[in-house]
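Same chain, two partners: chain A is paired with chain B first, then with chain C.
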Partner chain A sequence: MADRASHRAGPWGEAWARVVRRPGAACALAWLGVVAFFAALAPVIASGHPLVWTQRGADGAARRTFPLVEHLSAWDLVLAVGVPIAAVVLALPGRALGATRGERWRWVVASGIQAGITVAVCGLARAVLGEASAVTAGVIAAVVGGAGWLLPIVGRPGARAVMAVAVALGCVAACHLGSRVPLVDFDRYAQAEASGGATGVYTLIPWSPGQGRTDWYVKPPGWRVEAERGAASGGGAGGGRVFVLGTDALGRDVLSQMLHACRLSISIGLVSTGIAVAIGVTLGALMGFFGGWVDAVLMRLVEVVMAIPVLFLLIVAVGVLPTEWRTTHALMVVIGCVSWTGAARFTRAEFMKLRGQEFVLAARAAGLPLRSVLGRHILPNAVTPVLVDASFAVAAAILAEATLSYLGLGPPEQASWGALLAGATGTVGDFVWWLAIFPGGAIFLTVLSYNLVGEALRDAMDPRRRARTDLA
Partner chain B sequence: MPLLEVRDLAVSFGGADRAAAEGGGRAMAVDGASLTVYPGQTVAVVGESGCGKSVTAMSLLRLLPSPPARIERGIALFRHGGGQGGGAASVDLLTLPERALRRVRGGQIAMIFQEPMTSLNPVYTVGDQIIEAVLLHQPETARTPGGARAVALAAMEEVGISDAARRIDAYPHQFSGGMRQRVMIAMALACRPSLLLADEPTTALDVTVQAQVLALLREIQRARGMAVVLITHALGVVAENADVVCVMYAGRVVEYARVTDLFDRPLHPYTRGLLACVPPLDGGSGTLAGRLRTVREVVDDPAEFARLVGHERGLRPWWPWHEPPTGVGTESRLVEMEPGHWVALWATSGAREMPAPAPDLPDRFPQAETAAGGLVRTGRLHSQG
Partner chain C sequence: MLHYVIRRLLLMVPTLVGISLVVFLLVGLAPGGVGAALRGAGTGGGGAGGGGAASFDAGTRAAMEAYLDERYGLADPVLVQYGRWLARVSPIKFGPRDLVAPDGEVVRRPGAVREPPAWRLFADALPRGTGEAERSGGAAGGADTPAAFARLRAAHATARAAATRTRGELEAALVAYARAAGLPEPADADGRLRPGIFEGRAPRADLPEWAVARIAAEAALSAFAEAERTRGALLAAFDRGPLPSAGFWVLPGLVSVASPDLGVAFSKNRPVSALMAEALPVTLLLNLLALPFIYLVAIPGGALAAARAGTWVDGALGGLFVALWSVPAVWAGVLAVGFLASERHLGLFPASGLHAAGADAMAFLPGPGVDGGWEAGYLLDLLWHVCLPVACLAYGGFAVLSKQTRAAMLETMGRDHVRTARAKGLGPREVLLRHVLRNSLLPLITMFVSVFPAMLSGSVVIERVFSVPGMGSLMIDAIQMRDREVLLAGVLMVGGVNVLALLLADVLYAAADPRVTLG
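Up next is the complex of A and B:
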């Protein structure tokens, strides 16, 4: 009995069920799931480093190393381990692990926020403090990341503490194990194999996104690498490996770059839209609830920011920023900081509507403090139009990043669909079709998916189209 | 010892736009209201829409938005730790600091509202909302796992929600209007307040559910000795549930008496008008054949106002639509015409000589079980010291 009760869906659960029922949205979610899967596991699936590298020493003994794992960065480790765990936790049916699915979603979100903050701070701390003080950096990162649990996402203090400690330890460990990925000469693997001194077992797609050779320049899909000169063994010595989707102008495998770029496209959405929603909802809530001069002043700020053309601002920012800051994430932060106005206006309208509702009055009459009333009661009711807007905003951010990369303004080492697209025109003006269709198709499908999900969400939350479930 | 004493409460609404349009000044929504509530008593505040009854209740908990609303004057003395025993401290709710007021709200004084459809937050389960109120006012329940949930379950069972263990995880849209009002009552009562402000709790419900909800309130009052301020415009509800009645019009108290005195001998013409609107079951005497008298007919009839004892001394019931007697302006005075029966009069010299203590009636009609298992009031009054 209790299990069925816990399955009863709230308004959001019901809206989500309506979204998933639409075939367009279901396909879109499937594609986004594929992208998310590769975003998490791309470094493990596509890498030029062998999984297992067996080296026969001069004395005949075999030494086994795992270069792929050694070359994973902190983020790679955290995502490769964390995302499958999260997927399993969420997929468990009913009331598993002592919590409903809704609660488990909250665990995953809170853990994700903590992991993100911890790894980012760890990286920053190491950069600032230097490599020697790795332990200090780890401690600082763990503490700062733990502060993410102050957000009232997960209710139960016991579960909170356990997860906070587990995630903190995991992330700090990942930070220690994960090294900066230096420029690696992949040829030594091929040469070692050619000379017969070692064998390697490679992962599914045996190319790293940065691995390229000029003699592999612009090869069409399906092109097979010939065996190295003098190779005795046929299989793994670089010979027999295929470029499934061809190569680009620097000889790098297209499929590998596309898989690694999945992470960028997901993180674009999270970073830029996350910042935009955080700023917009906060300001919109203040404007909508307090009204008066607060509303008047902040609305003028909103209007000023709305007038800024985002793409030109990004181009200017790229020109102005010092080179080491010209990462894609810096650009995403810039996007986030200027595209919050839509969320602010929606939230303001919703707060103005909701502050006169009777359940708000009842909450105040029960003695709740103002921040509780705003945050726990009004806010969850107010975010529905913001969620719809966020979905479209993510699509726009992906297009913006693709545009920047296509124009050559993105960082050169970053694998990106837009950068691949830039190579489609070729150096001599001829059209390289596999550099246009595959990355372009990926961009198209991803943007289309976000738009379909956003539309489905909007229709699902529209009160006029909802079936009447009130009993009275 | 009274639980709540409201003296000369005045609340005004105003704003810049209003000042320009209506020639300046603020609108007095409540203009000098007084009432007294004793533990375990039900005080009914009766009046038509716009008479200031809801504003009175909301201003006791300071729930009115401050820029348009302003408490002009008055005190509202509330005795903490309410109940029968004395010795608890009194605080003035109108000047209490915000933090202390938040402890009073919900914990000592609870309020339920008219519209059950919108009084519950749609995105949280019913259980979550009750538990939130419990955790706020009884933080010790948080120490045991499931402690607050047990309190919430008990509260739901007490208000008569069947299968509470399953329905505690349901969402508000899965309840009917009557059940939602019960949930509201459960939320209000989960923290054991000593005073309940019920702002037209049954106006939006049909009569069968109305009877159930009112019976529930009576039962809880009897079990806990909780006082209730029942705001309503239905005189039938007043007759069956109230001990003391306070009739309001245009922001002022017009009549204040025990329920039996009010129904037997209404002194103010407006009260007589309200009572005349209730169709009598037996055809009644004094009514035109088959036709009810309207309130307008009664208050427009000067003979009604002349019926007041003491009319020859210049005592006239206060009525804002009349010309005031010379030299009085708009001032009125709540005078105790008979023992335990107050009426609002124009503040003429004759009225000023009469005793006008603050309205204060400690009476409480006891409840008795009927053979059918319900509660009904007996006719005998039970006075408290």
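Up next is the complex of A and C:
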């Protein structure tokens, strides 16, 4: 019974089932799910903006506004709407929506790539063209993002077209609605409430990551803000609100920063590994398939990059960037560009093994173009070790980001676990235990989770190991 | 064996050249170039980026930029800069040999002084007498003592700095004049004057900017003449050899061999080689102490896991080591400093540095101190200080090595000689220790290679957390000051150490296993 089910799911589905069966890997996936949840929804869960803001005018009429929603950026909107939809689509049982779960996974991945490209291009186009040509920017972004659907991973043309249009419309709308207010004065809410003219309903964690006051610096977990003078009740003027995990040296809430930092960690891990795998697979395929001088030259390059310990290369590459260039995107590119050697070596070995096999020779003898031989015939058979290794690579990338942020080389003005950890020693002169335990623990659990998933995946994909563990 | 080692050492050369090229391109091609980064660091103070430069007036800023251009040769393309750096670092030099100052600094022949921009506009302001006349005259000057030579060097350095400064000021003044004269786009994005912009235009002397430019030009031209004069004198002195020459001739007059010149670190105003000589041993000490520690834990751990393969012991050990492997070095360091070293908590270990305050006065070995009481001595003091850093470097390696030990032992267990040993009635303990473990140890010799690069990376953070003055601390200081020479030399050194470790592993393996022949 189980065999038939796994047979139907294909090799990846089967491997997945084996991974989930291991308790360690299952716990790891659960933790990653939690991190991903906060990565998507942190701006809605932890914000200094009130959810509902009721302002009483001079004539006594109450006006309701929703500052939290108004202050969400385009990325926040897309993630807050898209990720729950994707989660529901994936969680539906059996052949819901007329597709197997594998197909629905492909939909989600393709839509995610399209949405990412669209929002990034839209932001870039607005920055380059200026706010006036917002429509042009939207059209450009929609077209470029639509190119994400050239990836041949979704089978049905009809479903493809519907989804592409929906995602494009949604993303461009989010770009128009998204807030671009860079600086926000959170104190005005407290002041308005203190004067009694307004009331706000806040989220569970009523702090934004950048919101801090110097008189709140380095407060221990559970510290409660004193109600300010003139407040109507204990709930007014920020009084009675709690810093669940304490504050840092600038008086900012640690929990809120940690939740917002989930997105940085997850996105840097995934995107930089994606870049590394793309570079590594391309170069490794060339090396392994052609051999000869191509192999010799590129292998020297691999040796050179491997000879430099990764962190040295990273701190030089990131350190020489001017501060205004040191953004999340730059960090992703840099980490991706120094960590491709593993993927290149794995791909090279697989291509060398496969290039002499009968099915490849047959494809070449049939006169197929090189693109087809490499991409359609060899690559799908060679990609397993790279994808298994990618899980460890994500862990390494998250570690690299945390370390760089700890050293003060991370993106400035952005909440990061590593930067929080750096506040544990040094800035205040004394050891701040809540800045050491919580952010460090989050880095550790996330890295451990990716490593556990990687181990489970490796065991599941390797028939020799599988035989051993199954017997045991 | 010797042939093999020599060949591998020669093969290291292209790798090291590649490493330096990669790093140089990284530094040179960063947005705005290293020039922008340097200008930001030089004017705005640590890491403030390009913003700081705006706080100076145009003349000061131009002078500063001219100084940086002069010092690093930034006006040339990146590859030319790289070639120049490589020629300096290469142990094989062409042309006349450099001199070595008593403090070990390599003294090179002074290069040409860049002439002021558009100086032909002000040809009538040229002072009389050029450097060429002085050069022959200086030869007769006598006094070839090192002290006299040092005076000549100092004079030239001062004159050169003045020439560079006035040149920068003249450039800024000319840009202002060209703007006022309505010339299209007088400066490029970096604020540098476009060459040839005044071609075929008569100067407009009626503009007030022209008068300013003229004053700047007079200063620049006379400073240039002075720099050329002192350079001539210095060159003449150079040929008479007041200091010992660097290295020795291979082909007299053409090719010489000298120790690599890594340049001078501007942030510390010391030769980079001296900084490296202090920092590299510290990093190596930490790593070499951590290695045996890793072996001591990982081999028994791996052996135990292999002996109990498939049981809960195996699983628990595997899980424990993977967990340790996932602990970020930063976190481990911070926790160790905070809980084990901090006075507020346990205070068991020193929190920073390599030595206690009075360590230099201590005897090497423990014994009775000066005041009659017991004294730990230099060695014990050092070991006590490196305890935590070494532990933080080591724990990550357990997972890799114990996993490899386990795999090697499981493989050996299936061999014929183990079956024979079992068949002749040896106990399981005997078989495991004498027949399996011994024969599995051979691959372990090379295993340190798989953890060594990660340990070198880890030592960057560990040194930072524990304030240990090693390569990592040096590199991070250099990054904050954008000190190019230290960055390049540091990465080159660490890469070289790494490649040497690879070679050492291969040689050790061949030495331990008679079946392996290198060649």
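Operating definition for what follows: the second predicted complex is superposed on the first by the 428 of 472 C-alpha atoms of A that agree within 3 Å, B and C clash if a C-alpha of one lies under 4 Å from a C-alpha of the other, contacts with A are read in each partner's own complex, and residues count from 1 in each chain.
Keep this in mind: a residue touches a chain if its C-beta (ideal position, glycine included) is under 8 Å from a C-beta of that chain, and two chains touch if they have at least 3 such contacts.
Values in this document were obtained by computation on a predicted structure and should not be read as measured data.
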Which of chain B and chain C A:279 touches, first, second, both or neither: neither
Comparison of chain B and chain C by chain A residues contacted: C
Partner chain(s) touched by A:194 [first = chain B, second = chain C, both, neither]: neither
Touching partner for A:335 - first (chain B), second (chain C), both, neither: neither
Which superposed partner A:443 touches (first chain B, second chain C, both, neither): second
Touching partner for A:368 - first (chain B), second (chain C), both, neither: first
First, second, both or neither for A:344, with chain B first and chain C second: neither
Touching partner for A:325 - first (chain B), second (chain C), both, neither: second
Those residues of chain A which chain B touches in one complex and chain C touches in the other: 471-472
Chain B partner contacts - residues on chain A that touch it in the complex: 1-2, 5-6, 8, 10-12, 292, 357-359, 361-369, 376-377, 380-381, 469-472
Complex contact set, residues of chain C against chain A: 14-15, 18-19, 22-23, 26-27, 30-32, 34, 36-37, 40, 47-51, 309-310, 319, 322-323, 325-331, 334-335, 337-339, 342, 344-345, 453-454, 456-458, 460-461, 464-465, 475-476, 479-480, 482, 487, 490-491, 494-495, 498-499
Interface residues, chain B side, partner chain A - complex: 61, 63, 67, 102-107, 110-113, 115, 117-125, 132-133, 136-137, 165-167, 169-171, 173-177, 180, 184, 187-188
Residues on chain A engaged by chain C in the complex (per definition of touch): 24, 300-301, 303-313, 315-317, 319-325, 395, 399, 402-403, 406-409, 418, 421, 424-425, 430-431, 433, 436, 440-441, 443-444, 447-448, 451-452, 455, 468, 471-472
